[in-house]
């Protein structure tokens, strides 16, 4: 089982008047993790997906648990795995840690859709084969 | 049981290259709904809460289901109720509709904390009494 | 000479760890002022302009002077006028005040372009006639 | 004369419904360039500056010229130099290119202030000495 990793720094622009990451900015980071995963691991960058092929992977649902606050200057280490790959969907598990401390855990279901019709599309075989590498082994 | 209502327009800045609301912007709107609810319904604006009293109401967890995409120019009608008010927390239910069509449903748990210590604080009696008005009746 | 007016509240999401408006958020507000101006004053909403007609009004250049900081909870009163309407462009003057105190002054030049080619397009006559109402009188 | 360099990728979250970078997102990138410059070149990270020392470097004024649009997936190469270092201020010059094409040029004046009083503070000697290395030579 593969685990995709990504890292970013908590910048001034992510923080609220309390000096903590404003949680909508976490979802921007989650989107960056997914986008970078598609570009680097799946080999399907969002320019090609969205602009050339007119496909997208919107979130159908997402949930997040915030374990501890993140602050200006923290380095966030992200991991992305999958709980399940469906015909046209993928249940992703994304977690952020800083210096080994869990900061947030996110579960989100993306669906491959055609942008003109918003109808679900089956994963292409090549993408599916790669996505399946990231499925967590079950106990 | 009271229901808090709020409305906003989907602006250019909320939309992604697919012409749909980029979901992290929905969470900014959710935060605006909560912030406006505290200012107008609870009578406790975020300037007083955060700057004067050094308290905050960060999200402990949040989940969202996206039922249908929203597009540039849509009017979003938001409702906020509560599923439960705890000693220092509140389980909020926030939904967005446009022209009667459900767009998203959000469940989020906020916790009242002191910003210096990040320790939970019990709701003040006045705020609690108002919050309880928004608790959904159970079947 | 007409002056377009708009108002917004400084929300939690606009503020930085110093408790002041983070200046890129001011530009989001400026965009909202321009977008609302086109919808309400010019009668040309951004959905029709961008999605239906495939036109846009990107900024060619913009400058801002920040006179005094804005804080959480401030009400910002915006005014929009024009310094000059060109064949395919408009030099806008946008200012934000709070409780009568000048907060920022912005000068920005928008250009009407076709989104496929990014080539400048002359203002339609109806839009131009309205835009010209907002040109500041010269001393 | 030194030139500070930084690079970022244009992500989905930076782009508008026209598929181009939404210009307020450019200012978030400019802020990231400045913040990274202070951390890496000046040795003064924003956590220490803002949280520990209660100082900040807000923009007093900023202007930007947008030469060509940037699109999803573009790599942006940023440079930062200074036109002048004042007692408590610095006139920065920040430019973004992609594949050698000029995308935007920004001139911004930051002022070192104490966050409690918002009063200007003279640059510490160590920071000033480094900032002066980035001043452009004059013809």
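A, B, C and D are the chain letters, set down in written order, and residue numbers restart from 1 in every chain.
The rule we apply is simple: contacts are C-beta pairs under 8 Å (C-beta built on N, C-alpha and C of every residue); 3 or more make two chains touch, one makes a residue touch a chain.
Treat the numbers as computed from the prediction; the structure is a model and nothing was measured.
Comparing the residue numbers each copy contributes, chain A and chain D share more than half of them at their mutual interface.
Taking A-B and B-D together, the chain pair joined by more C-beta contacts is A-B.
Taking the mean of the C-alpha atoms as each chain's centre, chain A and chain B sit 23 Å apart. Inter-chain spacing, taken between the CA centroids of chain A and chain D, is 28 Å. Averaged C-alpha coordinates give centres for chain B and chain D that are 34 Å from one another.
Among all residues of chain D, those that touch two or more other chains are 12-13, 17-19, 22, 24, 28, 31, 50-51, 72.
Across the interface of their complex, chain C is touched by residues 12-13, 15-19, 22, 24, 72 of chain A.
Those residues of chain D lying in contact with chain A across their complex are 11-13, 19, 28, 31-32, 35, 45-47, 50-51, 71-73. Considering their complex, residues 17-20, 22-25, 27-28, 30-31, 50-51, 56, 58-66, 69, 115, 118 of chain A touch chain B.
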